[in-house]
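Next, two complexes with subunit A in common: one pairs it with subunit B, the other with subunit C.
Let's turn to the complex of A and B:
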């Protein structure tokens, strides 16, 4: 069955919408359509992808305005009579066509204090104590949560804010039963956790169904508040220096 | 190009690591720990490499889930699974060091599933006598790559070049001295001078149509090493994983983890028969359940119960499914049924196999907690690769090392599930340390300007106006050739025809065209990848033709049995003045005490 697909093309800031016709088939996903177009009509059409099984988080894009992994997005979920519109993620600078420059995320990650292992023999962890941490470790770094977060997408506050992905990485480390580090100050200052206004857009788009806001960000907000805005603690700190 | 030298960036390091999957990153960490400066070249973004696709677990004889396990038992299973063609020294080092490498990941922040007493839990897997796979649900590879990724970014003196591809290894007097690479995003070139080079580029699956592998798996490292003068070994041994998705067509080949069977899943044909009982090889009979009752006892955890036949090695299970299909007992889309729904409660399945649940739900409209899956063989893993020294990971070319899937030897004729994640940790570490030591004791050798110029010209020639062929179409033709002539079953006639076709295609690949500009241009990247795929495909077919027997992942219809003489030989592929040289080389024999232990009927 013939389907119309419109793809945003071009480099840096010089964009145009390119309409293609392609042949749909059973079970086809959006990434299949892009590949078919590449092989048939547009050999230099740029798209980033790897596993095509929802495990690597490379093929993030916006399909009919919704942030999606193109490999997990079925053609049959879209109305046949309407064209499908594919655009690159909006929150990041376009390199070419559907490929964006996501290097900022790697820079943010590098500044987070990594895991600090205790200096004890044979440390143990119980499954119930790592369940929550394992939820966060499911993250495939597709950066769709970053793409959809208003603080990044609309306000472009990348220099003051780490975004849901990395607020969650902080949470993962802070909730790790063995970790010896403390990231509350950097969460407040460098990673701007206060900027998150809990609209839960990140949780909604997460292809791994991680409850980013409620399970990771809110508990971290509470810890930061307890640490820095608790009046009793504040007085105690003043008194004891 | 004339005399005007193309503009390029120049870099200089002790160690160059080509490939940033588990093996490459682990090697970079090791080399940096030794004090070397390291350049880690990643074909895609960091953390996206094929390692993320590893699902079931990492094999290490920790003995947490069954205290009878030990390195010797792991060693024995690896050799038996590899049909005795393994490099025994590698298998020994691997079994001995895997537990330490896994424990070390925990120190770096990895969070494996736990036993009741808070240790790393271990699951059952094909060919492993005891529950041995450290795991995190069915996303163990992601856990491992994320752990080493978050470690390597904080290592000293490691530069990471993301979305950068090596086009050629540069040599001088038969020694690797660096590489020419290109950045995918802008097409700019970079020459990387390095005293030693580690190849950790993974596999070759993209030469086949039905594969569990991602686009990166184009045999780059195999081709780079071969063209630079290093030996390849055991290239005829490709693992066809028994359980890939078969429906819908768009996901044909996508992996279904062996963990499904490890957690109790069974294989059925269209007559609802548990057919694997009919395919138990003699060598494994003493350690395999003979009937459903025995197999169910094992699932219930009855002490001393034998393992179900679904957990026989992958080569055996893949061929069994193929036979069932061929004889008319297959599932509607040409596979077998894999049932976990009637074996485990829904909540347990979702907890232990979350990404399988997700994958079938999203891509196959199927709920694995209530219905059986349809599965069939898919090209999965390259057992062969760059010939290396067991203790150092050194290739036969001075200054070049290899680790992980790109290296040969550990897995012999068939790899056990779970042994690849432990492989890349153990031998990534070894190669990283040896390459660093070599580099820090070597003189600097500068890259010859003419060699570089030639390499640059070869990399850019695809943009020439007189080129005509579409790389995507040639890629499809290549996949057809490999699928039809060097697939899961082979014979002399088909292999010879395949080689002829590959040679014709090789000529056409010289005429392949990159359309458009140099910035993020997949058609250009594919031109370069195609060149590598042709080299590796020829190596596979030539080696497969030479091995006139059936063993592990290599099945010959015209030679269906083991040949004891060939079982003592490795087939080596070496670049000669007129193309591929195929050489038979004596396999190293293991000491008598280990050999006896491996051959014991049961332990």
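Let's turn to the complex of A and C:
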């Protein structure tokens, strides 16, 4: 079956939409379509990919406006009579065609205080304590959550806000039963947790189904409230030391 | 490289979409925020009508509107809980506005600062953003760092009040099983019990409560049995917090409508009740 696929192409500031007609087949995913176009019609089409199994997080793009991994969305999920529009992630600068420069994310990551091991000999932790943070380790760093977050995408506040992926990394470290670090001040001041307004788009687009908002961001917001916005807690701390 | 260099015909799809709520999404993303906005608006209009009734701006001033006590029943309109009887009469006589205003700020504050409620309000009422990957009408943004949204950080204080309110709603439900000196059951008893149940579920699944009971510690196995068990219960309930938000909103409105409007205002005498 013939399908129409429209891909944003170009580099620097010179972008255009390129329409292709390709042969769709059963079980085909969007990345297969892009590869077929690359093989037959546009050998210079740039696309980043690796595992084709939703585990490497390389093929992030916007398919019909929705941030998705191209290897995880089937062609059959889209109306056959309508073209499929594929664009690069909007929140990051385009290098070429569907490839974006996500290096900002790695710079943010470097600023987060890493795991601080306790001084005690033979520290141990129980599975029930680790369960909570285990979920966050499923992250494949596709940066779809960063792309969909309106604080980065629309308001472009990259200098003041770390984004859901790194608020979650903070949560993973803060909730770690052995970690000795304190990241609440940087969460509030440098990582801008107050800018998150809980619209849950990050959770909705996560291909690993991590409950980013409820299990990572909100618990961190609550801990920041404990530390900075709760006068009763402050008095209690003063009284009990 | 450009489209001219490649010699390809111009495409009917633009590189950028302009206008209000611009997006490349082709699904009906606007249905959910629209439905949410409609339910919230209905609740808002109903509450305003209730306040106007109490104030005497509309309707007859003869009826109480908060307590229904005909046919031996003891029904309290849940929106006005705990009701004017909970306050000294001197204070009430000096208060020129509807008595409900003295109480309603607490549940409204709890819902307004609720972590699930924020998603609903920001998306459906403030379009900040209206949908995921949908352009915001206003790009400048300060989140919850400054006034007015910094108030959202007070959610835990409204939680404490909401816990008291949930207990009061159970008291009103309990009271509704007594008809004069007899014990019985009416439609009001049923609807007040459902209201108390879902309000309790909504409050018990709160994110702030989750933080207070175990969420704020890194080593949950180091805490006592009650905290550990409580944390695991809240973790379970918390997954359905949004559902309880909506059900409790509808049940409180339905219970209030039955008692205040159907029985109180319309003066309907043919009510279902079974008294021993």
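The rule is short, and it goes like this: the second predicted complex is superposed on the first by the 231 of 241 C-alpha atoms of A that agree within 3 Å, B and C clash if a C-alpha of one lies under 4 Å from a C-alpha of the other, contacts with A are read in each partner's own complex, and residues count from 1 in each chain.
FYI, a residue touches a chain if its C-beta (ideal position, glycine included) is under 8 Å from a C-beta of that chain, and two chains touch if they have at least 3 such contacts.
Source: prediction; values computed, not measured.
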What does the overlay on subunit A give for subunit B and subunit C, a clash or a fit? fit
Touching partner for A:11 - first (subunit B), second (subunit C), both, neither: both
Look at A:154 in the shared chain and tell me whether it touches subunit B only, subunit C only, both, or neither; answer first, second, both or neither. second
If you stack the two complexes on chain A, which partner ends up touching A:52: first (subunit B), second (subunit C), both, or neither? first
Looking at A:1, would you say it contacts subunit B, subunit C, both, or neither? Reply first, second, both or neither. neither
First (subunit B), second (subunit C), both or neither: which does A:235 touch? neither
Give one of first, second, both or neither to describe whether A:62 is in contact with subunit B, with subunit C, with both, or with none. second
Identify the partner contact of A:44: answer first if only subunit B is touched, second if only subunit C is, both if each is, neither if none is. both
Quick one: is A:218 in contact with subunit B, with subunit C, with both, or with neither? Answer first, second, both or neither. second
Hey, in the superposed model, what angle do you get at subunit A between subunit B and subunit C, Cα centres, nearest 10 degrees? 140
Is A:204 contacted by the first partner subunit B, the second partner subunit C, both or neither? second
CA minimum distance (subunit B, subunit C), superposed complexes, angstrom: 8
Common interface residues of subunit A with subunit B and subunit C? 11, 44, 125-126, 176, 179
Touch list for subunit A against partner subunit B, complex: 11, 25-29, 32, 38-39, 43-58, 72, 74, 95-97, 99, 101-103, 106, 109-110, 114-115, 117, 124-127, 130, 133-134, 137-138, 140-141, 173, 176, 179
Subunit B residues touching subunit A in their complex are 44-50, 52-53, 106-109, 111, 113-114, 116-119, 121, 136-137, 139, 142-143, 146, 150-151, 153-154, 162, 185, 214-216, 247-251, 254-255, 354-355, 358-359, 362-364, 470-473, 476, 514-517, 519-524
Under the definition above, what is the set of subunit A residues touching subunit C in their complex? 6, 8-11, 14-19, 44, 62, 64-67, 79, 82-83, 85, 87, 90, 125-126, 128-129, 132, 148, 150-151, 153-157, 174-177, 179, 192, 194-201, 204-205, 214, 218-219, 221-223, 225-226, 229-230
For subunit C, which residues are in contact with subunit A within the complex? 1-3, 6, 8-9, 11, 13-15, 23-27, 115, 118-119, 122-123, 128-129, 132-133, 135-136, 139-145, 149-150, 153-156, 207-208, 210-211, 215-216, 218-221, 238-239, 241
